[in-house]
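I've put the structures underneath this note.
Next come two complexes, and both contain subunit A; in the first it sits with subunit B, in the second with subunit C.
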Partner chain A sequence: MTSIITAIAFVILAPILGGLVAGIDRKVTARMQGRVGPPLLQPFYDVAKLFEKEDVTVTPSQNLYIIAYLVFMVVSGAYFFAGGDFLLVIFAFTLAHVFIVLGAYAAYSPYSYIGAERELITLMAYEPMVIFTAVGLYLVTGSFYISEIATSTVPAILYLPGVFLGFLTILTIKLRKSPFDISTSHHAHQELVKGLTTEFAGPVLGKVEIAHWYENVVLLGMIYLFFGFNPVLAIVVIALAYFLEIFIDNTFSRMKWQWTMKSGWGVAATLGFLNLVIVYYFYVGV
Partner chain B sequence: MAYLKKSPWLLHYDASSCNGCDIEVLACLTPLYDVERFGIINTGNPKHADVFLITGGINEINREVVKNTYEQIPDPKVVVAVGICACSGGVFRECYNMAGGVDQVIPVDVYVPGCAARPESIIDGVVKALGILEEKRTAMKEKEKQHGN
Partner chain C sequence: MLPNNRIKDAIVALAGLVISLGSIYLFATSFTGGSVYFSFPFEPTAQVMFVIEVAISLLLLYLGMKFKQYVAVLLVLVQTAITLYFEMTMAGGLEPVKNLFIDEFSIIMALIIGIIGSLIAVYATSYMNTYHEHHPEIRDRRRMFFFVVFVFLAAMFGLVFSNNLLWVFFFWEITTLSSFLLIGYSETEEATNNAFLALKLNLLGGIAFAASFLYLATVDPSGGLFELDALIASGQSVAIIPAVLICFAGLTKAAQMPFSSWLVGAMVAPTPVSALLHSSTMVKAGVYIIVRFAPVLLGTLAGVALGMVGAVTFLLASAIAISQTNAKKVLAYSTIANLGLIVACASVGTPELVWAAIMLIIFHAVAKSLLFLCVGTVEHRTGSRDIEDMDGLIVKFPKIAVMIAIGIAGMFLAPFGMLISKWAAIEGFIDAPFGIVFVTILAFGSAVTVFFWAKWMGKVLSVTPFGENLEGSVSRGKWVVLSSLAALTVLAALLFPLVSSVLIEPYVLGVYGETARLAQDNIIIMLLMILLLLFLPLSLYTSSKESRKLPVYMSGRATTPDLKFAGSLGIQREMTTRNYYFDEYFGEKKLLRLGDPICILLILAAAALVAWGMSMGVVM
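So, the complex of A and B:
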């Protein structure tokens, strides 16, 4: 019963929270650059505006893909917050991204083609680490169920520092922050126009934005799992981790896709895999 | 509701400016003027833009480009001509390849004079354009309603 309530709460509250986080992000970014920055609610204004604009669509099928993207994002997030199976959450999460890539491919534009290809590359780059995260949490807590991982009293972070660092690295890719914002970025207008979302305008772009808010909340929720034994600490770490991501965003320039690949697989192989091996041999928990 | 006014995304096109007006437009984005305070983002994508900001006069080569870009911006949209070149052709008016000001190819909503236009007047021009944007949106809504009936 509680799982249904948390799932519904996620569906309603996540866009609000995600939008606020995006607003804080822009404000902090502006402060780091010595500017005043937009109002806190700017992301909401942006999306509301997008829904006021004319709907220009070249290929109608792209809209369908974007709706699928949003729906699968919401479903995977709701399942996550309902305490479901971590692996299933990851699959639904990946499926959502496949839909946005399909949407970009459906649009017939060189920019969105390149954006879609780069999105596939980033997908490939971070996926191993996500799996390692799930496996690591399983080894330590003995369950793939989010509800059990989150309420487990085992201090997962002490056993999985490498996996956590690896997760932070791919978080940079997932949140579309520099140096890994190769497929789409607010600042990419010189090189790729807007990458993945080039051909989406008006209400469709608004939906992409909302899906992105949902996604961010789920990702920050995943950080929580490492600190499930102490919720207060978990909230503090989530805030610090996000601040770190903003800081990295502002101090790095965009890198080539090869580097995304190498960093993603590099941290997964060294930090993630080594950590798992050590945990497996020296801690037969559960 | 008038969210359009709170989040105008801007597309900057350099028609054939001498670069004087361009750097002033970019100056608006720097910490000193910081137009992001008003929610203004400089996009490079006509499909995401609301405000089309052009510097420099129109010549025979970029005529089609400007027209094409303008047509790709979803409604409602406004055009701001920045600098005297964009307003009327300015000192280049008599050149053999010049078509003149921006209004030779697309309808212009706000003219920002000056050579180069000062950042303050550019911001003023954009803010003025936002009022027009709002009017256009209301007109668009009315039209939609009539079509609906």
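So, the complex of A and C:
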């Protein structure tokens, strides 16, 4: 049921793909703001430079937490691309996230502490909708296994439009896009120092960045699951969805954490829940 | 009698050892045996029990009058009246034969009671010594304390091995009495009030339990239905009424809303008592009996209604835990929440959910006892049980902080125990009636759970640049207990496939004729994750070059090493951090005002459904 080859392919290719996506993101963002923007490969140069910098920390335990963060990000993603159980993938991602949060707490710094607390808020905000996504896909395709969901011939999107919209909403939170980038941000102009990542520097920060690339690839992979019946369409939708996220990122300024909570839980409780109830009672899986 | 504390402590330790070895021996000798019934003579035992029950009632009446707790007195009178009426008019012809039994579920419970219960008792010896040093104003009643603790454990054993419902009830009432005495140990006004609160709410359950006997004796005067296995096998049309009554008693004992207040109040007791109540005794008796009746509740609307009580309790109690800064209170609400989840699983009652419920019972017992005892130790050393005072615990008490982290991880993180069960519960509920509502509640509840545990964990693990190691002052006996429980938390996660295949699956198979388990490749991934977690700390030692240490970013302010800086007007300020508690959203009062009425309505709905179903001749 699970495939080691796709998992290995993910481990090797995801950082390349994730870095490219980050490069495109910066380019498109720059164009939206009327700038030329950095070269496409700039994210790779940045990370390479981070690894050349001196290794400075507030406390050595930070390194440990960030290694754990990266390792579990890779493991969870690999299990996703191996075709494993969606729910286990979700829980493994939560574990990875808790590690970066602990790394931020460990520094005992006012800025990273605030960032850690806010990261937990975002975690709480998107978690129900992520579980709903897994549940919705299970109801439609009859399996929790990514391998079976992805290869299912059922046009999941037709049954799960509400769940899909809900997922797009929390995708904005998960990608740390404005208006929900409350824990840390790529945009300097609206950042409280650097939130969650304030106290990470050099190679440690490089690892955080790579873990983020891995995560983004998995998140985009989750969009694929709604369109598994037609791979070409799936890739088109992924591209459109990411463009939409960049667009939202550039048109909204950061909102308060309450707004993040309300958005995350709101879409889960309305769009997600209603959609699930309809599928649950009117459509019994194939 | 025994002047020397050392001797007393040694006796407790020895007794604990005997009990735990006994339960392990029981497991080793009988786990392959399936259900075995024993026809222990009924009549003489029943008379002894009756005498003890009357004595307990008189004691409670006396205490109730003494402390002017007239509601408690009234409840004792009602319950005694029911049991007396039953004994006088109905009990004569009853001759249950199979009074005692062992099956896989009893063995699991016995292992929990035997091992965790004894570890807590051993910890209590050294805890109570310190407790009385710190509180000279409290009367030293340690003899009574340890006597009641062991009576408590004995009653729990009796409860899980009794097949005769009258005996189950007898032990049930002893656990109520024991917890009453232990909660009131310090004899302060608050302790006494909270003890009576626990007593009153549990008596409500006791009355419902006793009422089921009137029904059972009317349906079958020969007393055959008083045998638990016979009652469960007798079919839903006969068993649903006693099942709902007894499960109601289970709800009170498992501190579900609207009865949750007694367990929160119980934290006035010395910490080992809390650990005992929350992990291996009392509340576990409540969910034990509901899990037993799961096959009767399966497929009934009444079962769904009771399950909803559990689900609502799970969600709201988890949310309340966010707003609490008192560590023991957070633990209390998390217990209530987890029991809610167990109740939800057991009341809906499909094989998958019963599997998940038993897993939850095991994992919760281990991790929660560890957490309580760690918090108790911290409180004795620092004088505070407030989470806000736990900054830099990893610096002051590195080992205890790691143990707290293990306990917390055990409560909510993959690949540890509780998460496995939550996950199994989600998969189980999807295919159950009204499953989508349960899954929704679970999805929100688990998000909330992540938040309150992770922020506590972060607090404990934050490395403050000040503070010194104070750990040397913790006694050796405590270390033995704490490290055993920490090891058990990890072992439970490593060995759960074994526990499942040796004990839980045979039990579920025996009850339902089919069984449930997690898929093999998922188990492998989980074990890999645990191994990864265990090896990660090694990377600290292998990193070749030491990274340079810098102080934290303080906006360029001149800051002293203990993070003080010159604020405006030259006043020296200290950098402090505080967690979010969101009292305005997740406040205790606010959510209880929401949860209590909902749960009361649900319980009434369950009762109405059963009554209506009876009048229509169907099982609702």
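As a working rule, the second predicted complex is superposed on the first by the 280 of 286 C-alpha atoms of A that agree within 3 Å, B and C clash if a C-alpha of one lies under 4 Å from a C-alpha of the other, contacts with A are read in each partner's own complex, and residues count from 1 in each chain.
Heads up, the rule we're going with is that a residue touches a chain if its C-beta (ideal position, glycine included) is under 8 Å from a C-beta of that chain, and two chains touch if they have at least 3 such contacts.
Predicted model, so just to flag it, every value in this text is computed and none were measured.
Student: Between subunit B (first) and subunit C (second), which, if any, makes contact with A:D46: first, second, both or neither?
Tutor: Once the two structures are laid over each other on A, A:D46 reaches subunit B alone.
Student: Using the touch definition from the top, say if A:I66 reaches subunit B (first), subunit C (second), both or neither.
Tutor: neither
Student: Of the partners subunit B and subunit C, which touch A:Y138 in the superposed model: first, second, both, neither?
Tutor: In the superposed model, A:Y138 contacts subunit C only, not subunit B.
Student: If we overlay the two complexes on their shared chain A, which of subunit B and subunit C does A:Q33 touch? Say first, second, both or neither.
Tutor: first
Student: So in the superposed three-chain picture, is A:V193 touching just subunit B, just subunit C, both, or none of them (first/second/both/neither)?
Tutor: both
Student: Between subunit C and subunit B, which one touches more residues of subunit A when both complexes sit on the common chain A?
Tutor: Touching more residues of subunit A than the other partner does is C.
Student: With the two complexes superposed on chain A, say which partner A:A156 touches: subunit B (first), subunit C (second), both, or neither.
Tutor: After superposing on A, A:A156 lies clear of both subunit B and subunit C.
Student: Between subunit B (first) and subunit C (second), which does A:E54 come into contact with in this model arrangement: first, second, both, or neither?
Tutor: Touch partners of A:E54: subunit B and subunit C.
Student: By the touch definition above, which subunit A residues appear in both interfaces, subunit B in one complex and subunit C in the other?
Tutor: The answer is residues 54-56, 193, 198-199 of subunit A.
Student: Which residues of subunit A touch subunit C in their complex?
Tutor: Contact set of subunit A toward subunit C: 1-2, 54-61, 63-64, 67-68, 71-72, 75, 79, 84-85, 87-88, 91-92, 94-95, 98, 101-102, 104-113, 116-117, 120-121, 123-125, 127-128, 131-132, 135, 138-139, 144, 193, 198-199, 265, 268, 273, 276-277, 280.
Student: Name, in rising order, each residue of subunit B that touches subunit A in their complex.
Tutor: 1, 3-4, 6-7, 31, 34, 36-39, 41-45, 47-48, 50, 72, 74-76, 137, 140
Student: Please output the residues of subunit A touching subunit B within their complex, sorted ascending.
Tutor: 26, 30, 33-39, 42, 45-46, 48-49, 52-56, 186, 189-190, 193-194, 198-202, 205
Student: Which part of subunit C faces subunit A closely enough to touch in the complex?
Tutor: Those in contact with subunit A are residues 391-392, 394, 413-415, 419, 423, 426-427, 430, 435-436, 439-440, 442-444, 446-448, 450-451, 454-455, 457-459, 461-465, 519, 521-522, 525-526, 528-529, 532-533, 536-537, 539-540, 543, 545-555, 563, 575, 577, 579-580.
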